[in-house]
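First chain written, first letter: the chains are A, B, C and D, and each begins at residue 1.
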Amino acid sequence: MSTPPPRQGTRPVAIVACAQSKSERRIEQANEVELLMPVVTEVYANAGMTKDDVDFICSGSTDYLIGGPFSFVTALDAVGVWPPKAESHVEMDGAWALYEAWVTLQEEGKDVALVYGFGKSSLGDLSRILALQLDPYTMAPMWPDQVSLAALQAQAMIDQGLATEEDFARIASRARHNALSNPNAQVANEKTMEELMKDDYAVAPLRRHTLPPLSDGAAAIILVAGDRAYDVVDRPAWITGIDHRVDAHAFGARNLAESRSTTKAAENAGVSAGPVDIAELHAPFAHQEILLRRAMGLNESTVINPSGGPLAANPLMAGGLIRFIEAANRIMDGSANRAVAHATSGPVLQQNLVAVLEGAS
Amino acid sequence: MADPTEIYTSPHVLEYPYARSTGPIIGAFLTALRDGKIVGVKGSKGRVIVPPTEYDPDTAEETSGIVDVGPGGVIETWAWVDTPRFDAPLDTPFAWALIRLDGADTAMLHVVAAPTSDVVVTGTRVTAEFRPAAERVGSMHDLRCFVLEGK
Amino acid sequence: MAAEETAQGPVTMLSTPIRLDYNFTAGVAQSKSLRGYAEGRFIGQRCPVCKKVYVPSRGSCPKDAVATTEEVVLPNTATVTTFCVVNVPFAGQSIEIPYITASILLDGADITFMGLIQGIAPEDVEMGLRVEAVWVPKEELGPTLASVKYFQPTGEPNREVSTFAEHL
Amino acid sequence: MNQRCAVIGVGQTHHKSKREDVSIAGLVREAAVAALEDAGLDFSDIDAVVVGKAPDMFEGIMMPELYLAGALGAVGKPMFRVHTAGSVGGSTAIVAAHLVANGIHKRVLTVAFEKQSDSDAMWALSVPQPFSAPLLAGAGGYFAPIIRSYINKSGAPNNVGMKVAVKDRLHALKNPYAHLHLPDIDLKMVEESVMLWDPLHYLESCPSSDGAAAMVLSSEDVAVAQEKTTGRPAAWIHGMAMRSEPTMFAGRNLMNPQAGRDCAKDVFAQAGITKPRQELDCAEVYVPFSWYEPMWLENLGFAEENEGWKLTDSGATSLDGGDIPWNCSGGVLSSNPIGASGMLRFLESALQVRNMAGDHQVPDAHKALGHAYGGGSQFFSMWVVGSDKPE
């Protein structure tokens, strides 16, 4: 096996096992621990490992989804950090927890990491919760909701001639179609662009179908450094490039129709260094797929969001990590050789992470 | 006996009256709003940032020099809300908009009141409509909304 | 805000009240414990691996990371392993200070939880004090730990600290 | 660690109960700008920014680092947000240091903060959760019973905690950034303060502060270059580690948690330390309630089990003649911007080995421990820094 060399760091790191819950609008029968535990159990089983094999654990979640401090602390009860483990938590999507784990595995002697992310959007009013991400002096007091902010971005794209409402509907149509073959998806059906265009506006110019569903869900990944990855799986999904960047928060000070942070992260991750078979883009709103695709320079030969993407299932704090899972699964099963996984955080794509996953040649 | 399969759920309210110190720059902005004006601050290379921040968001350099902007400006992009949420600034249909005020180099998020959606388009000129002086306290809500210029 | 209206100096403070409404769900395991409270009894769960009894249980053994499925009904009697006297006022507090919160080890349980102690003067409480749960009247029982009004001394002799040292 | 990593700049705010003169951005910039100046660098020199703070409910801003991206010069760069409860300031420093030590970046700015006066920490930590009894009474209500267990087990005299409270406040008088400056502090004053969470007096508890801390971490080549440019020495990281254990499980040792012992063992092994009391010159350890000094003396291996209080009692941990001064800065008992409190411990340990701690400098300090813990004494982060490069 010829492990593809990584662009960042010195030690190749691969995704070797994944697990995710089925996304649902409301998972009432499970609290966070019960949501997470089967997923963690499954990822260990998929890797043929136990908690004792893991050198580092990192998770992504946010307290505001549950409305109480330290939600990540109780979630640890699902993971079994005993004997005590090297463990950390980011108040970010699980994709950034993966980034931290990837950094940690650069060190010799740290070979296996568990990464997970979880979130239940069903407990509160997500639009109101997310308004608390905005500048606390000049924006949050007006409680702008995430759909309206996304609509500002979509309109900027339309004004700049980058997309039309029909383009948005075409993306939603394809996402729902792709989701039919994804058992974890929440929104899956066959609807043509023309049918979807009959939808009402949620906030113009965004019609209902351009919005992501509200989802509860959890996801977990096992990362392994070096050749040990081949002990777990025949075709590990090697992370050959990974980078993340942030844009200015004051989105009145930037062009909303572009994503400089994505462009820079994609350049550093080496997206354009070879053909991209598939890309899993964390574009919660349909228009953001067009924006991200342009920002990364992906051409027509790349299949976008074969899982259906966030338009089919979008558990906050796990949505980005699920993009890694969907991309890695397609490397591991041999259906793709080179894939892109992307995650976003913050209002209107403020922060973006891009990774290139490759199978060994 | 209680239903042996019932999953208990409960309302939970998280509520606190946060009080934020503004510092001098945001303080100057809120003071101006209370006085029925809008101000920005000069950032790197002299560009005028509205709402003002202590730093230029692109360079992190310290800003200095409060300048008057508006009250007129141009819609840079918009989003039409037919059914306002309970927490929206206006309870009748309106548009969220990024508005570049006259004299500013960045756009500010606020709302535009208009009779119908078709009159709100990118490039439309709007002007600030303040609440009556007695109701203004030094917050974004002192600026009730923007309205179409000359209407 | 009133101060700002009267004194027209520069604005230095911004009031931003925040209210978020949630619909919290207890999940399967916690609902079992909560159902016990609604019935006026403690229901714990046993870990299939280490056999320890957790009450209240959140559905897993935090040490072994396995689901705890076997239910165990526990008695009202317990030992105070340790405690403190709370004498600090704070926003949202609903009990009159001073009050005693104790780590309560139910007989037959392997972990403690926080409970309120009454029926004894604060200066007389000691580690090892034997207590029993006093439930709210039957018609007020509900799926909440608040169904336990408080714990009060049983009058039994205190337990030696060495007999429960592993729970400290 | 694949490569050497050094602290080349530190900055902190003046910590106060209410920093009403600044916004949150203003507060964090105060620390960040000071750290950059110390390092002889500018925001534009920085490769990545790592931010840490405790629960977002303290300020009522979800993921406030997003709003702070511009204020911290992170636009166009990687920005990262860590949250590991009270240990977060320490964990944040370690996450930032890993970026350098593992060869990803050369210059990383790390910042931790809390502006608790925007709300009320007691409220935020005691938000009644559905289905539970409303008994929570802040962190003190959680830790006081554990302290009682320790006093019972160790046979320590009741006034040891008060001695820690006095000692750390005396230290704070030598630290211009400390929140509490109590020139008349003595045992009597502590004893006469309100018994908030019996056995803890008011003055045996940490204050609630607004404040921020920042550090610039760099690779060896940058550190050597900046030492020449600024004339100020770097502090070299000799070891760093994190450990976690569950909040509660049957048989958990709450007084002397295994995760703390394991973390100390790991970090000391990396730094080649076998006798911490002898081989370290000082330590900045997260002691939010007085009795956690003797408890952590045992947990970290400075004393045998049940003997920690004897070190405190004998004055061994005092800057005034002690052989292993703890918390020369005044510690968490004197300044507690929660999210930054852990980073302040790491930062102060670096200041000591750079010989830049001013009036609270331990003479000729070469090696120091920075320590933070959080949650229900379940999350630990530690580093050892030295004035010489590690082998």
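As a working rule, contacts are C-beta pairs under 8 Å (C-beta built on N, C-alpha and C of every residue); 3 or more make two chains touch, one makes a residue touch a chain.
As the structure is a prediction and not an experimental result, all values here were calculated from the model.
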Revision key, fill the gap. Two candidates, B-C and C-D; the one with more touching C-beta pairs is C-D
Review point. Once you find the CA centre of chain B and the CA centre of chain C, what distance in Å lies between them?
Key: 44
Check your understanding: Counting in whole Å, what is the centre-to-centre distance of chain C and chain D, each centre being its mean C-alpha position?
Key -> 30
Practice item. Could you please state the distance in Å, as a whole number, between where the Cα atoms of chain A are centred and where those of chain D are centred? Key: 33
Revision key, fill the gap. Distance in whole angstrom between the CA centres of chain B and chain D is 38
Check your understanding: Where does chain C touch two or more other chains at once, residue-wise?
Key -> 12-14, 16, 18, 20-28, 30, 34, 61-63, 143
Revision key, fill the gap. Where chain B touches two or more other chains at once, the residues are 7-12, 14, 16, 18-22, 26, 30, 53, 57-58, 139
Exercise for review: Mind pulling the residue numbers of chain A that touch at least two other chains?
Suggested key: 28-29, 64, 67-68, 74, 76-77, 80-82, 123, 128-129, 132, 135-137, 140-141, 248-250
Practice item. For this assembly, give the contact graph shape among line, ring, star, complete and other. Key: complete
Practice item. Using the touch definition up top, name the residues of chain A that touch chain B in the complex. Key: 28-29, 67-68, 123, 127-128, 131, 135-139, 141-145, 148-149, 151-156, 159, 201, 203-206, 248-253, 256
Study note, to complete from the structure: Within the complex, chain A is touched by chain D residues 1-2, 23-24, 54-57, 59-64, 66-70, 74-85, 91, 95, 98-99, 101-104, 124-125, 127, 129, 241-247, 249, 257-259, 262-263, 375-376, 378-379
Study note, to complete from the structure: chain D residues touching chain C in their complex are 20, 60, 120, 122-123, 126-138, 140-141, 144-146, 148-149, 152-153, 194-200, 246-255
Revision key, fill the gap. Residue set of chain A touching chain D in the complex reads 8-10, 57, 62-64, 67-70, 72-74, 76-77, 80-92, 96, 99-100, 103-104, 106-108, 129-130, 132-137, 140, 243-250, 260-261, 264, 345-347, 350-351
Practice item. Can you check the complex and tell me which residues of chain B touch chain C? Key: 1-4, 6-22, 26-28, 30-31, 34, 134, 137-139
